[in-house]
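Next up, some structures in structure tokens.
Two complexes are shown next, each including subunit A; its partner changes from subunit B in the first to subunit C in the second.
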Partner chain A sequence: MVREIEPPSVQKEFLLAALAESRRLDGRLPLEMRKVDYIFGEELGCVECRLGKTAVLAQVTATIAKPRDDRPYEGFLLINSEIGPMASSVYESGRASDDEVMITRLLEKSIRRTEAVDREALCIIAGEKVWHLRLTLHFLSDSGNLLDCAAMAGMAALRHFRKPEVEVIGDEVIIHSPDERAPVPLAIHHTPLCLTFAYYENLQPILDPIHLEATLCAGTLTLTLNAQREICVLSKAGGTPLAADEIMGVVRVGVERVREMVKHLEEELEKDKSTRVVEVR
Partner chain B sequence: MSSSRLEILNDGGLRHDARRPYELRSTSFLLSTSSSSSTSSSSSTGLTPPDGSSTVTQGLTSVQVTVFGPREPRQRSLAAHDRATVAVEVGVVPWASSGSGAKRTRGDKRLQEIGAAIRQTFEPVIMTHLYPRSEIAINVQVLSADGGILPTSINATTLALIDAGISLLDYVTSISIGLHLLQPLLDLSQPEEMDLPTLVVASLPSSGKITLAQMETRLHVDRFEEMLTLGTDEEGRR
Partner chain C sequence: MSSTLVLPGEAIPLPSSSKSIILGPGIAASSSRTRTSPSDDASSSSSTPAIIATRLGVLSSAKGKEKSEQFWVEGNSKRYIPAQKDMVLGTIIARHAEGYRVDLGSAQMASLEALAFEGATKRSKPNLKVGTLVYARVSLANRDMEPEVECFDPNTGKAEGFGELKGGLMITCSLQLCRQLLTPKFPLLPTLAASIPFEIAVGLNGRVWFKAGTVSETVTLKRIVEGVDNGDIGAEKGDVEQAIKDFLA
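Up next, the complex of A and B:
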């Protein structure tokens, strides 16, 4: 594995000294996120999310498959998230680094295990045909906090996506092309989004660390929350030990932040919808 | 699925294995348990015995941890000039879980994640600066799995590191906490773990600070706070 060059100690000292005065290198407040931008593609279900210079492109596609024998009513949702060298030279294709495993697992837990997408609604004929959704994430550039960006892109793409309408007559399934009948959105229960906090010794936590901040921090904590004030995933693996009320502090901050983020995402989706002709009659 | 019919907490306030909500399973801690540490077998096979080992059993979950090191790193490139590096390998024996569930192999993402969690938990606790240019290898073998693999592994790793004589800042203790309706439960078994929101907490008992917290299921924020404080208190009592 390619090892990154450690940042020089001057840089480290400067960053910590600045943080002690609650200043960050890019002029943000400690608990401020970078600007989130959604760029919607031509097709439905193709969204690029930008978080500062970090960019992730998410694409949802649907095919029809046979369900598993023990779950005849459930469709599939597959999340493809391989980080290639395009994002940053430290990632090798083919071999998963520890970071990559963490990102993949957390995405899996936040989107799939929390049942964000109603999989039973993907059923066409029980035991015979179900929709098989594939969410592919392309990590375009890594300037820190890939996970949060990927979760936003993924959820945006799932909410943006529409599957073709199907009609079942007896045993026969008719799939209507989008020009015939308007495609239908997926049944989505809630919108879980990730937030990553970085910790430093004896300093207050910061939200959305850039690459340098993440390399120099003493530990990170990732929260997945939704607008209904539910924690979906919490993961703090090692790093500086924290007291319970410190964790609760960031959870409370997270709850507010996620509500704003979901609202922003919904506004963007609404804006995009108004520019698109989806209904064909 | 059989687990959906399971009664988590009956009318008498007992769990499916007749424990009270805050009762832990029977626990045993054994030190220096690795068979290869007896000198006769190791000299004949040519294997180096581990520097420390332990077996921790919590109910039907049993984990053996062996620690090698501090030693010269196997890969030169992994050495750091000012501290020791920690490498964790997690394996599950094929007969560990009873029938159900997919078989886990070495490259499994779940096992890799457990390994990464153990490594990140212990890196700040081990006084790595005392062992520059060396490696501490932690080998976790799950002998039988009945819920709570991660907390049991963390407890076993603490003991194995102590057995190996490696300097630690503090003990690390860990426990899993579940929530059934409004009632928190401690030290979950496999069927409970499948049905309930689960939180794994690892903390340093002397300061009461939390080094690891992991949760995978949807849970309301207010409930979460209760579970977190309960877990930390309970670990302090260990």
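Up next, the complex of A and C:
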């Protein structure tokens, strides 16, 4: 299936009529998110994030590699986000759709370019050995707003992950297995999360659009914010033009939402930490 | 009603009585012969084709007309496979000179002839736009062939409720729920109708359309039907009544 079939016209009529009354099809308020669930895997660095029926599984793995010559102190963070037909039949494997390119770029901007992970802390021996982190995102189910879900899953996995402890004696590097010495968490500067708003003509914007809402909207706006009230990325790719005060309005809402989301993520991480034995000594 | 779980390829134990047996969806005659166990190789079943299940589900049976017995496999799936006489909800996706192409959610598009409507003649044909939702009946469904749908009863020439659906909202749900909604014993629709007046069209292709007086009532109906489908809300009267109260508030 290359192109998705348009929803019947009654859907659009109903959706707009409902939004005019500030009602959404799943009973949410216009600026309410779906319930976020984190499911932590057995391994450290494996987190599944669910946003309603949308689900993304994130997995972090680490290997040791040689750094680039011009940046001998920096480790690597590679984000692998390929959307396969498992998420929805409109995605083909091997051929990136426009949505996929958009999601990949925004994830790159929101997680890697915002320096969420301290890459200099990944250095083991300057110019010789650094940690190479790989964040793999598996898109399990698409029921709208894959990007926000992927960003949450990715950041949760990075904060959940712990790399094995290494010891440097002269030129020799000893990697201690997790049984021997407790693995150490990554140095995370901040937790940027994405928020997507959908716009309709002459109606107020809605947060976290479901699939139908996203297909019928006139444009979307994605904000990447952190709990420190900083705008990391603002992406508005096409769609209806927006006035400056409209953007400021959603940014104000977004700042509050992201703070709640980061708090919820930290609570969930804390809850998971209490159930597992990481510290050996 | 028996409750045997069958797997695809499993031989179905049919009663050996002489009355006629009707095989329904999910059951087919296998091209290979029954591999009977050595103990009953004397029976005649070794020469007849095996009757096997073609999908996972519970083997169900019912008494039909004239002492016949009907068998089918009741399972849950999400992808619709057209079958003759099924009532379905489709979206018009293209117009042709003599008909329309309709998306039923199945692997192939279906075709709808412009004359397959109540009172349609060559001079006056209905004019449906792309994106219109229609309630139709599958008139032809073969493997390897494009299915055909019609919006009238060919025996009476009347619409019988088929045709274009205006307003309202369409939702998608599992195929099993659609079949359950059509059984008179299923308590969901009578309970909903007691508190909210609405029109409904249930398609066997996993789509349900309904239209209530207000937006909030329609949203409530959608949330309850989807909740029952996910298993979040029980289909019993008390659960549904509680959900209506919560969602309408």
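The working rule: the second predicted complex is superposed on the first by the 280 of 281 C-alpha atoms of A that agree within 3 Å, B and C clash if a C-alpha of one lies under 4 Å from a C-alpha of the other, contacts with A are read in each partner's own complex, and residues count from 1 in each chain.
The rule we apply is simple: a contact is a pair of C-beta atoms (placed from the backbone, for glycine too) under 8 Å apart; a residue touches a chain by one contact, two chains touch by 3 or more.
Quick caveat: nothing in here was measured; it's all calculated off a predicted structure.
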{"item": "First, second, both or neither for A:L234, with subunit B first and subunit C second", "value": "first"}
{"item": "Touched partner set for A:V277, first subunit B, second subunit C, both or neither", "value": "neither"}
{"item": "First (subunit B), second (subunit C), both or neither touched by A:T104", "value": "first"}
{"item": "Partner chain(s) touched by A:I169 [first = subunit B, second = subunit C, both, neither]", "value": "neither"}
{"item": "Contacts of A:G219 with subunit B and subunit C, given as first, second, both or neither", "value": "first"}
{"item": "First, second, both or neither for A:Q11, with subunit B first and subunit C second", "value": "second"}
{"item": "Subunit A: partner with more touched residues, subunit B or subunit C", "value": "B"}
{"item": "Of subunit B, residues touching subunit A in the complex", "value": "77, 109-110, 112-113, 116-117, 119-124, 199, 203-204, 207-221, 224-225, 228-229, 232"}
{"item": "Subunit A residues within the subunit B interface of the complex", "value": "3, 96, 98, 101-102, 104-105, 109, 113-114, 218-219, 221, 225-226, 229-244, 247-248, 251-252, 255"}
{"item": "Touching residues on subunit A, where the partner in the complex is subunit C", "value": "5-11, 13-14, 17-18, 21, 23-27"}
{"item": "Complex contacts: residues of subunit C adjacent to subunit A", "value": "91, 93, 103, 129, 131-133, 165-170, 209, 215-216, 218-220, 222-223, 247"}
